[in-house]
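One structure is given below, encoded as structure tokens.
Chains: A, B, C, D, E and F, in written order; residue numbering restarts at 1 for each.
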Amino acid sequence: MKSQNLDRRKKALQLLESLESGASARVSQNIDEFHPEALEILLGFAFHDVVSRDGIDLRTREMLTVAMLAAMGTAQSQLEFHMRAALNTGVSPEELVEIVLQVSVYAGIPASMNAMTAAKAAIV
Amino acid sequence: MKSQNLDRRKKALQLLESLESGASARVSQNIDEFHPEALEILLGFAFHDVVSRDGIDLRTREMLTVAMLAAMGTAQSQLEFHMRAALNTGVSPEELVEIVLQVSVYAGIPASMNAMTAAKAAIV
Amino acid sequence: MKSQNLDRRKKALQLLESLESGASARVSQNIDEFHPEALEILLGFAFHDVVSRDGIDLRTREMLTVAMLAAMGTAQSQLEFHMRAALNTGVSPEELVEIVLQVSVYAGIPASMNAMTAAKAAIV
Amino acid sequence: MKSQNLDRRKKALQLLESLESGASARVSQNIDEFHPEALEILLGFAFHDVVSRDGIDLRTREMLTVAMLAAMGTAQSQLEFHMRAALNTGVSPEELVEIVLQVSVYAGIPASMNAMTAAKAAIV
Amino acid sequence: MKSQNLDRRKKALQLLESLESGASARVSQNIDEFHPEALEILLGFAFHDVVSRDGIDLRTREMLTVAMLAAMGTAQSQLEFHMRAALNTGVSPEELVEIVLQVSVYAGIPASMNAMTAAKAAIV
Amino acid sequence: MKSQNLDRRKKALQLLESLESGASARVSQNIDEFHPEALEILLGFAFHDVVSRDGIDLRTREMLTVAMLAAMGTAQSQLEFHMRAALNTGVSPEELVEIVLQVSVYAGIPASMNAMTAAKAAIV
């Protein structure tokens, strides 16, 4: 792997670790056993190229991610992770409550209820 | 209509008007000619019950709404409206750019491109 | 084409025509110029195999179809067609109003607003 | 909480209980431990404002809800609940079969298969 | 059941069995206990009418199916089945890796991660 | 912009141009007027990092892309583009017909009909 790619991988995992302590080891093991380039491609894009950009702080970005995953309703375990990541980056439990309620407006009550389940698991 | 319902309708339209000047007249005409109770039910829920709540400021809520609608990809004209509403409530064009980019991570490049189209129309 | 396939095609188009006068000629021209077997495969399945079954009357089936298409939010022109088909098979405008409102509960306000647009176009 | 809100909460829970005996206690405990106002906001909207309206009977509304949740495919446990609620409000097992089959036309075979799983769990 | 329907059922199950040894017995039991005509309607359409057609070979069709189910994100167990079926019809593990990566472009990183989970379970 | 980023941008546009003559100029103008880094981030990921990879040829990748966009149903104009790109990379009109039919199995008849519209516009 070229040095720029190693750098991209490393920075992506640093961002991931800042979302939840221990996540970088767990996720990198999971993805690396799938394919050695997958982590740099997927998380390099997600965390190195996009989420670590200036312009919006990480705390607000996690609020946006929680809202998107809850509204889409197709990635419950990632939603649970980002509920925890939101708390870890400074989002308050009260703010998670408000996001869960707002999801109901744009994606319906069942999406909101599933987000509530994820939020409760994270807040405990 | 009971007075509490009239109050709910009125407050919902006030919130809507704060998202875009002129929106309350346009939207209320559109919905009222469909059914006289629809506005109070739908926008009373959306704007009186949820979006006007404390806990997250309106500016951040519009960022969340833009992210959700862009990720879902099923309501392009509402996305365009909320891109404008985001700007009207203090979201910067730079922040809209960041949201558009972040959408690509969680919902894919086509969703991001459609959000870009909506953002460009609002920012002009 | 085998006779059983011709029969399937014919019965599918009869069901379609009962949803809206003139629809069988318009839709069959559209699909036949794509591929000569597509109509029998797609509408044979939809209308001959499923929608024409006993167990639920056609009027109620159109209510279900309107609700599904509105909730999914990915086929606005088909939603408009089935709003008209619903009226043609005995669903009242008042019932369409109720379906539009119920969509908001399960799929959110924007899905309901897009269904409202389709319903208004059909009811006029 | 204001009396009108208490009334909204109470009526929402009555509707919920009519969908399945015991549901109001279970669901209210689940939502109340999340936030004391969430139940009135979410279920007040869903059940007091919308689903309890005249114009379509509860039995037909449950058919619509089942169809929508099955077509969306993002809320399997709610789909299972509403399969049971449909039976409890007078929908026959034969009608659930027909809805499951009709889902395949508008949302594809996998959505229909997942609805079949939910229906079988409810019908047993 | 008419002989043409029995033939349709039989051919659908043959196609299914070619996707995974043992699948025809397992799936037919599951569907037949739901309704005696469901298998012929649903799998007759899917496998007899469409997937067994000439024009695209079965191996490529399984690649398309895996891509679609992963992008939609609403049928994880069917995605797992078709990951195995893809391997059984000649798709290589390396090709599954590429499909999983390509899903991220069009449907986002979470959809790709869920497809990765399904692929890993099939490849083992 | 760093040289590696310029290289990523250049290679992404080369891939895009190979999908449709003239597309690189049109798309780069559209995205560059939104934000100067957006093209490298979004299309660098899509086309440089993923779609240009070995393991699956470009012709098959376009088939997968068409299937995914058709099944998701949320990006009709991108679907039209990739229908043309599929033809430009060697997919036959007959193969597009088969993909359109297969979409109906996994995402329903309306998704297939919308894909048919896109295919007909590309095949003309």
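Going forward, a residue touches a chain if its C-beta (ideal position, glycine included) is under 8 Å from a C-beta of that chain, and two chains touch if they have at least 3 such contacts.
Just so it is clear, the structure is predicted and the values come from calculations on it, not from any experiment.
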{"item": "Neighbouring chains common to chain C and chain F, by label", "value": "A, B, D, E"}
{"item": "Identity of the chain that, by mean CA position, is farthest from chain C", "value": "A"}
{"item": "Winner on C-beta contact pairs when C-E is weighed against D-F", "value": "D-F"}
{"item": "Most widely separated chain from chain F, with each centre as the mean of CA atoms", "value": "D"}
{"item": "Angle (degrees, nearest 5) of the CA superposition of chain A onto chain D", "value": "120"}
{"item": "Chain B and chain E: spacing of chain centres that average the CA atoms, whole Å", "value": "39"}
{"item": "Whole-Å gap separating chain D and chain E, where each centre is the average of the chain's CA atoms", "value": "30"}
{"item": "Centre-of-Cα separation between chain D and chain C, whole angstrom", "value": "24"}
{"item": "Multi-partner residues of chain B (each touching 2 or more other chains)", "value": "41, 45-46, 50, 69, 72, 74, 97, 101, 104-107, 109-111"}
{"item": "Pairwise touch network: line, ring, star, complete, or other", "value": "complete"}
{"item": "Of chain F, residues touching chain C in the complex", "value": "72-74, 97, 100-101, 104, 109-114, 116, 119-120"}
{"item": "Partner chain D, residues of chain B touching it in the complex", "value": "4, 41, 44-45, 49-50"}
{"item": "Contacting residues of chain A [partner chain C, same complex]", "value": "104-111"}
{"item": "Touching residues on chain F, where the partner in the complex is chain E", "value": "45-46, 50-51, 53, 55-56, 60-61, 63-65, 67-72, 94-95, 97-99, 101-107"}
{"item": "Residues on chain F engaged by chain B in the complex (per definition of touch)", "value": "31, 33-35, 38, 41-43, 45-46, 69, 72, 74-75, 78"}
